[in-house]
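One chain, subunit A, appears in both complexes that follow, with subunit B as partner in the first and subunit C in the second.
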Partner chain A sequence: MIFKVFKKQELARLYELLAVNVIVGPVGRGNDRHGKPLYDFDVVYDFDELALDYTQTVHSPKRFVLPYQETLSTFAVSRDAWEKHVDLNVYRPLVFFGMHACDINALNKLDLVLAQSAYPNPYYMGKRKNLFIIGIDCNPEPQCFCRSMGTDFAIHGFDLFLTDLGGKYFAEILSATAFGLLSQINCTDPGAKDHTLYKQATSGKNKHYTATVDTSDLTKILDLEFESKAWDYWGEKCLSCGTCANVCPTCYCYGVEEHVDLDLKHASKAKSLHSCNLIDFAKVAGGHNFRPKSASRLKYRYYHKHRGFVEAFEESLCVGCGRCGAACLADITPPAVIASVRGKE
Partner chain B sequence: MSEQLSYLGIPLSRPKVGFFELSSCEGCQLQLLNNEATLLDFLNLVEIVNFREGMSERADNYDIAFVEGSVTRKDEIARLTEIRKNAKILVALGSCACFGGVNQLKNRFRDLDWVKKEVYGDFPVETMEVHPLADFVQVDLEIFGCPIKKEEVERIVTDLIVGKAVRHPEYPVCMECKANENICLFELGEPCLGPVTRAGCDAWCTSNRRGCWGCRGPAEGANLKQLEEIMHTYGFSSETILDRLECFGGFASFAETLRAQAKKTPARRKKS
Partner chain C sequence: MQNKLHFIDILGKDTGAHRKEDPDSFEYTLPAEITSIYPLTATEKLYQIQIIDPNQRNRFTFKPGQFVMLELPGIGEAPFSISSSPVRHGDLELCIRAVGNFTNFLAKVERGTRVGITGPFGTSFPLEKMQGNDILLIGGGLGIVPLRSPLLAVLENRSRYGRVDIMYGAKTPAELLFTYQYEEWKRFDISLGITVDRADKGWKGRTGLITELLRERIAQTASLRENTYAIVCGPPVMFHFVCKMLTEAGLPMQKMFVSLERRMHCGRGKCCRCNIGSTYTCLDGPVFDYWSVMNLKEAI
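So, the complex of A and B:
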């Protein structure tokens, strides 16, 4: 890896160099009822719109690679034939300006399923391959347990990663494009003082975590606790509303529906992201529902994240961003659920 | 209009349909007529033989009857029974037809004569308590919403004609609200029935920063007990919850239980 440092004011120049592209970044979304600022990712048109000191966005950056709704194909239907038109819905590269490590890791995890599997998803690949990602360091929020999940820093999956060293940014360069860009702004090789500041920033961040999840032997404990009363306890609270999956940066389950247009001459096939917590998620043709109880649906969400995925890929599908818990009106959070299954409530 | 309908060369029949209204604002029917961009395509799919709001001719040979509104008078029962006899499929169109709608708010009052006096003064009309259509006739399909979402009606009619199963979302509005990347209204300090109300509206109100009032009725397996807890956690009174739950009638039975409980333990009012 190549490291550089540059003065903070150079960042606006970096932005200008990238501004020929569509830039997505964290922006303010007003305050919540307690006056706490809210953030989300959106397309930005000016460097000053970026809220790079953002805490955490309410929604994940998922929609830019996995839209909530996406038309997969359209059909022109005639008397005895049809013509299929496929559009991967990739029109231009996207620059992500300021993504936290958890979200970078989330994209890496999505890659395992949607890009590196036997059947890569072209709709995902098209968007994913056309991302230029600038990561940025963060301060842990109360809901963050990324350190427990080993996703508090990113090793790959970005072009450039910035760490705030006070007056300077410490830049990790991971792509030739990023190297080329940095050569167009004033930056230097880091000195011994920068190394010290970088190390201080890392250890300083580690002191701020409050939420933790004990993942030791978790796959086995989940196997043992399949019948645990804890699932019923959380199931009773669950609204089966799908909010957790929608704000999750790694939930990728979806359904596909075909629509015939009103003119009967056109049709389309559209994909919508689903949630395994929805009541009809496991409902099959004929009306049988394999998981009619909300407790069993909630349980399977945890099994997918913390057991099945770990057995398949040797890592969890959860990045510990804590968005699901923060967004859950019933206050169901992974640290609390997992602790209760482990009997540590 | 006379050309044979077909999909992929398979001939389809063009159903004769009628639109009717009982006690209602007729807003649901207006929604359909409002959809100018697709109105001609919609009119090509069906043969409308009865639609007081849209045309002068009237006939009773309809296959599908769309009935808007709730039943609030005895003569409406007779009219509805007649429509049911004529139609092969009877569709309850909109929240009034499905649950009683806004009209059923008057059922909250014990003394309906007093209500009549308040509204009509010295010129009373014959009315009774408000009922959804299903209290009197068999309803084959419900289309929820106040008003109905025209895109949804068009999809349902297309599905009926091509022979596809008509399905409603079973999950709550939150799912669609989050897919619209909205910030949860509870976090912004506003009450909302999104977590328990049936989706399908594409989070129409909440995307416009208006808390949900539950016009589409309960989602399948709606967790109302938890909603009540959430409302209290976020500082909303039982009366605020009841106001919303009782507004369109879809949550009537739960609201009744809640009101009965609230009576048992009345909240102390602060002296002003």
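So, the complex of A and C:
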């Protein structure tokens, strides 16, 4: 890996160099009812719009690679034939300016299932491969348990990663494009002092975590505690609203619906992201529901994140961003659920 | 403009083989036509579906137990087990019960309707491994639908298998499927046992549970011989009792195969709707050996 350092004011120049492309970044979205600022990712048109010191966005960046709703194909239908047209809905590269390590790792995890396993999903891949990602370091929020999930640092899946060293940024470079960009601004190789500052910054971050999840042997414990009463406890609280999946950076489950156009000559097939907590998730034609109880659906969500995905890809699907717990109207958080399933509460 | 990022077209010109590892195969649907519709019962119909292009039709190969996604543009797409023999390639038979929005629409279409076929998907019954062995084919209700493909494949290669027993049960005589073929199947030196839960006036056959048929079969040989395989398709409650009985008769779990049913929206391990615990029914199934099923939470 190649490292560089540059003064903070150079970042605006870097932005200007990239401004010929569409840039997405963290922006302020007012305050919540406690007066805490809210952030989200959106297309930006000016460097000053970027809120690079953001805490955490309410939504994850996933909608830029996995839109909540997407047309998969359209049909031209005539009396005795039809023709299918497929559009991947990606037309230009996208620059992501300021993504935290958890979200970068979330995209890496989505790659495992959507791009690197059987039947790669071209709608995802087209958008994913056309992302230029500039990562930025963060300070842990109370809900963050990324350190427990091993996703507090990103080692791949970005082009450039910036760490704040006070007056300057420490840059990790992972792509030739990023290297070419940095050669157009004033930057230098890091010295011994920069190394020390970088190490201080990362160890300082580690001291701020308050939320933790004990992941040791979790796959087996989830099997052992499959009939645990803890699931019923949380299942009774759960509103089955699907908000957790909505804000989750790695929830990718979906449903497909087809529609006929008013002229009866055209039709379309559209995908919408779904949630395994919604009541109809596993309901089949004829009315049988494989997971009729909210407890069984909530359990399945944890099972998929922390057991099923581990079995398939040797790592958990959860990145520990804590968005689901922060957004949950019933105050269900992964650290509390997993601790109670372990019998620690 | 030197910093304008290069756009990457993931469906470059080099692709186009439509293999399952290629991204362009994801939404690749084969145009097909419903060539005939034959009502089997009040709610089930047998659809003959032919892939229109002769080359695509011949290249379409599947193994018994696999399923296809059947699409009607604008109406929907759903997974169906293939009921025909693999030697017929892309000249498929799908037996479909009118039970949901899509299948009720399908019940109203006429022959000649253009549909789309994607697949085949999923795992299959290991018929090659079963060669030289005795085979028990046990179906309950709609379970005969995924069972018919391995059944026809076994009959077409009858000499390669030992003793073949087919056991099939339905709730009532009116719900029995493929009744017109029973005599034909019997000509292949097999034993065919049919039972219904509730008889009606004209019914001259057996009444009772399918486990009764199985008990009699097991009693004939005291225990199941080592070289026996079983294929079990039916409702979860049937799996439970039949597989338990087979286990007690000495059949190892890895020699029993079941076909499971779940909701599916993609068939490609992406929508997660068919997940059972940690497994995709569409990729790792629908055919599982009984050991895998026992090992899965909430499978049956």
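As a working rule, the second predicted complex is superposed on the first by the 345 of 345 C-alpha atoms of A that agree within 3 Å, B and C clash if a C-alpha of one lies under 4 Å from a C-alpha of the other, contacts with A are read in each partner's own complex, and residues count from 1 in each chain.
In this text, contacts are C-beta pairs under 8 Å (C-beta built on N, C-alpha and C of every residue); 3 or more make two chains touch, one makes a residue touch a chain.
Every value quoted in this text rests on a predicted model; they were computed, and no experiment measured them.
Asker: Of subunit B and subunit C, which one touches more residues of subunit A?
Answerer: C
Asker: A:V95 in the overlay: touching subunit B, subunit C, both, or neither? Say first, second, both or neither.
Answerer: Touch status of A:V95: second partner only.
Asker: By the touch definition at the top of the document, which applies to A:K344: first (subunit B), second (subunit C), both, or neither?
Answerer: Neither: A:K344 stays clear of subunit B and subunit C.
Asker: Would you sort A:K207 into first (subunit B), second (subunit C), both or neither based on which partner it touches?
Answerer: Neither partner.
Asker: Between subunit B (first) and subunit C (second), which, if any, makes contact with A:L262: first, second, both or neither?
Answerer: Touch partner of A:L262: subunit B, not subunit C.
Asker: Just subunit B (first), just subunit C (second), both, or neither: which does A:T177 touch?
Answerer: A:T177: touches subunit C, not subunit B.
Asker: Classify the contacts of A:H304 with the two partner chains as first (subunit B alone), second (subunit C alone), both, or neither.
Answerer: second
Asker: Is A:W82 touching the first partner subunit B, the second partner subunit C, both, or neither of them?
Answerer: So A:W82 meets both subunit B and subunit C here.
Asker: Is there a shared patch on subunit A that both subunit B and subunit C touch, and which residues make it up?
Answerer: Correct list for subunit A: 77, 80, 82, 259-261, 283.
Asker: Any idea which subunit A residues touch subunit B in the complex?
Answerer: 29-30, 32-33, 38, 40, 58-59, 63, 68-69, 77, 79-80, 82, 236-243, 246-247, 259-264, 272-273, 275, 278-280, 283, 294, 327, 329-331
Asker: Please name which positions on subunit A make contact with subunit C in the complex.
Answerer: Of all residues in subunit A, those touching subunit C are 17-18, 20-21, 72-73, 75, 77, 80-82, 84, 86, 88, 91-93, 95, 113-114, 117-123, 125-126, 129-130, 132, 177, 181, 184, 223, 226, 252-261, 267-269, 271, 274, 276, 281-286, 290-291, 296, 300, 303-304, 307-309, 311-312.
Asker: Note which residues of subunit C are touching subunit A in the complex, please.
Answerer: 1, 3-11, 20-27, 29, 31, 71-78, 97, 99-103, 112, 114, 116, 261-263, 265-266, 268-273, 275, 277-279, 283, 297-298
Asker: Under the stated contact criterion, what part of subunit B meets subunit A in this complex?
Answerer: These residues of subunit B touch subunit A: 5-9, 12, 38, 41-42, 44-45, 154-155, 158-159, 161-162, 164, 170-172, 174-175, 178-181, 183-184, 186-189, 194-196, 219-221, 223, 226-227, 229-230, 233-234.
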